[in-house]
Amino acid sequence: MQSALEKARVLVEALPYIKKFYGKTVVIKYGGHAMLNSELKQAVITDLVLMKFVGINPVVVHGGGPDITGMLKRLGIESQFVGGLRVTDSSTMEVVEMVLGKLNKEIVALINQLGGRGIGLSGKDANLITATKKLGKDQADIGFVGEVAKINPQLLKTVIDEGYIPVISPVGIGPEGETYNINGDTAAGALAAALQADKLIILTDVEGILADPKDKTSLISVIEAADIPSLIEQGIIQGGMIPKVECCVKAIQSGVTTTHILDGRVPHAILLEVFTDQGIGTMVK
Amino acid sequence: MQSALEKARVLVEALPYIKKFYGKTVVIKYGGHAMLNSELKQAVITDLVLMKFVGINPVVVHGGGPDITGMLKRLGIESQFVGGLRVTDSSTMEVVEMVLGKLNKEIVALINQLGGRGIGLSGKDANLITATKKLGKDQADIGFVGEVAKINPQLLKTVIDEGYIPVISPVGIGPEGETYNINGDTAAGALAAALQADKLIILTDVEGILADPKDKTSLISVIEAADIPSLIEQGIIQGGMIPKVECCVKAIQSGVTTTHILDGRVPHAILLEVFTDQGIGTMVK
Amino acid sequence: MQSALEKARVLVEALPYIKKFYGKTVVIKYGGHAMLNSELKQAVITDLVLMKFVGINPVVVHGGGPDITGMLKRLGIESQFVGGLRVTDSSTMEVVEMVLGKLNKEIVALINQLGGRGIGLSGKDANLITATKKLGKDQADIGFVGEVAKINPQLLKTVIDEGYIPVISPVGIGPEGETYNINGDTAAGALAAALQADKLIILTDVEGILADPKDKTSLISVIEAADIPSLIEQGIIQGGMIPKVECCVKAIQSGVTTTHILDGRVPHAILLEVFTDQGIGTMVK
Amino acid sequence: MQSALEKARVLVEALPYIKKFYGKTVVIKYGGHAMLNSELKQAVITDLVLMKFVGINPVVVHGGGPDITGMLKRLGIESQFVGGLRVTDSSTMEVVEMVLGKLNKEIVALINQLGGRGIGLSGKDANLITATKKLGKDQADIGFVGEVAKINPQLLKTVIDEGYIPVISPVGIGPEGETYNINGDTAAGALAAALQADKLIILTDVEGILADPKDKTSLISVIEAADIPSLIEQGIIQGGMIPKVECCVKAIQSGVTTTHILDGRVPHAILLEVFTDQGIGTMVK
Amino acid sequence: MQSALEKARVLVEALPYIKKFYGKTVVIKYGGHAMLNSELKQAVITDLVLMKFVGINPVVVHGGGPDITGMLKRLGIESQFVGGLRVTDSSTMEVVEMVLGKLNKEIVALINQLGGRGIGLSGKDANLITATKKLGKDQADIGFVGEVAKINPQLLKTVIDEGYIPVISPVGIGPEGETYNINGDTAAGALAAALQADKLIILTDVEGILADPKDKTSLISVIEAADIPSLIEQGIIQGGMIPKVECCVKAIQSGVTTTHILDGRVPHAILLEVFTDQGIGTMVK
Amino acid sequence: MQSALEKARVLVEALPYIKKFYGKTVVIKYGGHAMLNSELKQAVITDLVLMKFVGINPVVVHGGGPDITGMLKRLGIESQFVGGLRVTDSSTMEVVEMVLGKLNKEIVALINQLGGRGIGLSGKDANLITATKKLGKDQADIGFVGEVAKINPQLLKTVIDEGYIPVISPVGIGPEGETYNINGDTAAGALAAALQADKLIILTDVEGILADPKDKTSLISVIEAADIPSLIEQGIIQGGMIPKVECCVKAIQSGVTTTHILDGRVPHAILLEVFTDQGIGTMVK
């Protein structure tokens, strides 16, 4: 059992971080394992609520992965492939939006239960995320997959100032009112840039960037955005990590102070990153 | 072709109504035919946007009917019945919430396309609608069907004041974080009461209350809330109209000025009700 | 009798214009026939009140023509002429100011009766219009005729923001506290410029600018400010229309978006100009 | 020549009064000799501007006496008499309003010249003073003479808070939009009551209330409102002083702290009353 | 060394307390050992700064004990005694005020060094604490010892809202401008009442209230204000603890939610009391 | 005895000055004889309160001279000298701070008694004056004597806007939290610059700058900052006046409009300088 003094020490150690981030905005891409395991879920949401209470403004962008696949399967919707890429046709898009919407309100409800005040939005609300069609390789039509055209952050600013924690489904609205599926990391990065956030945190299912992908102890704690291209070239950053890291670089270039690729499988990874000196994941700055 | 003077006359005729409702809140239960037909849809949303621009604050609560049934069918979810009532089990509730969420954002997107600023919410956002379990006849367990426990209108007030049109899915949140399906008319009535709205408008697929249900020309234009019980007793108000009318009466008793059962099949029924002398539907006051 | 649907159509047609001018300022020079005929008067004021309610900010500058002449006659004040121009001596100026003041409050009272909130001002209030002496041809002294020296729009901004419709007598105050008669069109143009108004509307007793002054069907609907000088040279714009058009050009050069010379003899000319596609008068832009 | 120390003493003596009236409203009925003599005029307006700068909010209601009579004469309008009272017919009312309007702007211009920010209003502006017809003795019709029905002080509060000195013509607006002549003292009293003013000051052409009307040294400095009726009964207060005193009593009963009948022939009478111990005129409290 | 998870747990455990006290005011009487030992000093101030950052508003009232005695000695000022009580004569009072002033700014400087924004005040600033003379036993004159007459909390509210931590010397100002020494516990209690604080915390040099004064393990953790008198009667609460407890009771009766007698010798006692379940000291409620 | 008219004249003469300085900030260095004589003290404070009430914002920086010397003597603290300069060692600094603190609250109490709302601050409050160590001649260590490093005026702006008169002890806080004694004239000058004050007034015990130091009638009323260096060179400005004048020059260079060296032995010198044409002291501009 922990002594009073040890408790006091931990709280006191948090003080410089609380000071540093007071009034700042932190955009969190919430996805992967941390959305599936109910204990981790509870831990993530607790971290968000705690941040809000100590004066930091978290903004959540969530993914939907397995639930979307499950629902598509249950509905017997089979994906077409063009140039090796899954096509988001209109019935797929409908399922994506529905499942994201359900998950969105689940997160909101959990925030509210833990004492925060959550509000669930999609990119359609107040035209928060306008989008344009994205093409696949060789200009292939891959359906309703969109790129962020513009972020209209006014609504977010209003609800943040009023004390709410906004939770956002990465769905964009096209020029003709059509719905686009937006990559969650990309949406989070664009929102961080538009809000001039202090931090962008991407929760993943890996330790961070590893110098030797086979050695989990080879974590790179801090890396400059300028050094990323050569790491990709050398194959140190590879596969699914590449787009995540590119989101970070883009956010840094747009004025976000630091970006973080954290291991969402560690309970309270966000809290540890924000409030302690503990080295968690990789910081791209 | 219409002459300039006739146009001017119509606009001038709207002035007293614009004055009367300036700054007032109008809650609209949007459902039925008006949600299915794309021309009617366009007309309803246009009316909402127009209201907002001339200084009235519309708040929309929508239903989901046929889409929910369709999705349940596609997913092969069969409803159980207890005491003759359909039971909303957890997998049904999930579908209800997902479909409502999708429809919600569709309405929002249309508002935005027509020049308004819509924002889609459910009763879970900022605990807008807290709910308790509702029992069926003979205390039968009919699953996740809820009654409104409390409306927390603060978020609505904030977004209304900031110029947004809130669109609300009638989903409630229970004391343990469980999700409840709330009847749309009931939710609209409760919101109208909590917002001290000036008007509650329920869009239906009938002309209004008919003195002789078989005679469509026997529309009752205005009726006092106090006279409703005897009309129900006499069988003049019957079937699905009874709960709608009871919502109206409850809203009136809670301080809403007037309530309206309108024929949603008439294009621009809301606009005609609000801005002209034209007799549309039944007013319960 | 007009059908419900037609009424709805007119209101819906107004929506894009309401959106377009929402929160914008429109300065109206009110004079001529529209101030004499009581039905036209009622129509003009109704248009102003309607504009205010739908979020547009009208500012009225009025003339006084025949009433001033009448009162001068009743008082036996005869005008002197210098170089062919009527001299505004001090007793004439006193009459001008008194009559304008009376008309000003009449307009205000009518606005209030029709449900708006009018407030009557002259250029002396809060030094709204400061003026300097204007000379006639060959530097002739034509008395208390003034040019606008500076507009101090702060008071107007305050009362506009508080929901009032300001009605302004075109009287200016000189450096020594002396009173100057200012041309109404000029005052309206200067106010439109100072308020960075979206529109300047000058009500006249003609159809607008005619390509062939003898042919009333030869109305020029739209003309660029840059094209005005050559039209004057060609004699197409002539007589009393020249100073009006020059006010428009000056306002355009000072940042007013569009200016309009409307036929004040058409009932609701302002409303038709602002809220419909109907071609009324000449737009100088 | 006055020494520095004496100057300092006077300023220091003003301090308790400045403190006492800081942020308070003082309604001044401005009329009589003080409006005719240009030095007195300058002194009165200087006092108003000084008050405003040291944190007191003056509100001016002015009369028009001799100028109205003069203009009626010039226009050959002869007054009818009913039951011994002059009838204000519509052409008389028009002249009254015009002359008051001209005087109103003169006062405003002088305030602005002396460094204040004046704004001239009549009871018609924003329905400031609504009125009903007043009858003469034996219910005789005396034309457009009105009683104050209601003061709508919102506009005054706005302009006072924005730093302006409002100057008000005692003209009221009737239920049908008709114009009424209101007694200036009465209007000032009603405005003082509606604004919950701290002081009502009525400038007259006498020393105040004299215990012996023939002895100018018999000035009553302070009198309780409750003692007024017996003084009227005893004939000590008589003639034109009676309605003035009754205005004071009514204002006191409506919550105004003190009322003052001052001798407007004394330069800076207002300033001496407000900022020094000097006994000037009669205080009714 | 502590693991990341343990750190996270402590922070998470603080969340309910942060929520509970968010936006609340906590008045702390800072004195005794915790003011003398530099490590304890650092710990107390850290706790204050942390509280402020997580949304709680601390207000500090400090004592001066040994420093005052030391300075009186250095200056050779000997105390007189009347009825066994030390008399605060004017030269003593001067020393008290000077020493308190110096300690006050020391605390402020430490707050600022630790990242907070402190502001040091005495009861004289903006008449924060007005006082009247307090008499000793048998009405003996004990000099400039005062009782709180009135708290004027407006200045405190302003600086609290602007993000400052006010630090207050318990010096009061008498009706003639004379300076009074006020007991620090009493001043803290009166300020807590005037600010409607949520908590009053008195730092002492004992464990709290002991059921058996000889047994340090017999701490009474919670006690109702109503039960205090009988404890005093029974001699369980005795000596210097009596006035402290009476301050608590008075504060409770004036609307303060809970009061605490804490052991200031325990590092971070305030933080442990406010943010953990750890039982520290005695709560009087 | 003074007549009413003379009183009025003095008040009216103040008007242009009240207008001129309305809303402006005036920093006053209060020291010398004017702090010792109780009548002069009363006069100075009255002037400050009067200024505040008529819309000017006084900020006071005070000295402590003789009281500090007296207390050092009583405590038997002897000053060391390095290079002919008195060294402020830590025990001296403690006495300086204590005595300044006591004088500070005395001034505050007097302001409050005279109807103002004073608040006493030192440079430690909210880090108002941060300081660095100042060296003596030949880099000699003269102890805790500081130079102004930075003024953080936010707290001052807040309390000024809330209607308080700030009174400031010239004590600075060093980078390690150490306390520094700052020259009062220098502190006043730096505060005037940071607040962009309109005036800096330094109260001295001489008439001002004399052209012939032996001839008290040779007062230089106005002098340009640019002309100061040559006057120093010529020996016209000499001794203790040099640093005072240099403060003025520095303030002028930092944007303060005018600076004044006044004779604090003249009662109400500040008031006479600010509100009358009376030539008092020397203006450096």
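Going in written order, the chains are labelled A, B, C, D, E and F, and every chain counts its residues from 1.
Quick note on the criterion: a residue touches a chain if its C-beta (ideal position, glycine included) is under 8 Å from a C-beta of that chain, and two chains touch if they have at least 3 such contacts.
Everything numeric in this text was worked out from a predicted model, so none of it was measured.
> Would you kindly count the fewest steps from chain C to chain F, each step being a jump to a chain that touches the current one?
Minimum number of steps from chain C to chain F: 2.
> Chains in contact with chain B and with chain E: which ones?
Correct list: A.
> Suppose chain centres are the mean of their C-alpha atoms. Which chain sits farthest from chain C?
E
> Centre to centre, using CA atoms, which chain is the farthest one from chain A?
D
> Give, as an integer number of Å, the spacing between the C-alpha centres of chain F and chain E.
Using C-alpha averages as centres, the distance is 35 Å.
> Averaging over Cα atoms per chain, report the distance between chain A and chain D in Å.
Computed value for the inter-centroid distance: 69 Å.
> What is the distance in Å between the mean C-alpha positions of chain B and chain C?
For chain B versus chain C, the centre distance works out to 46 Å.
> Quick one: label the inter-chain contact graph as line, ring, star, complete or other.
Looks like a ring, each chain touching just two neighbours.
> List the ring in order: which chains come, beginning at chain B and going next to chain C?
Loop order (chain B start, chain C next): B, C, D, F, E, A.
> Could you list, by residue number, the parts of chain F that touch chain E in their complex?
Residues 74-75, 94, 97-99, 101-102, 104-105, 108-110, 112-113, 117-122, 124-127, 155, 158-159, 162, 164, 171, 173, 177, 179.
> Mind listing the chain A positions that touch chain E in their complex?
Those in contact with chain E are residues 2, 4-16, 18-19, 22, 43, 46, 49-50, 53-55, 114-115, 266-268, 271-272, 275-276, 278, 280.
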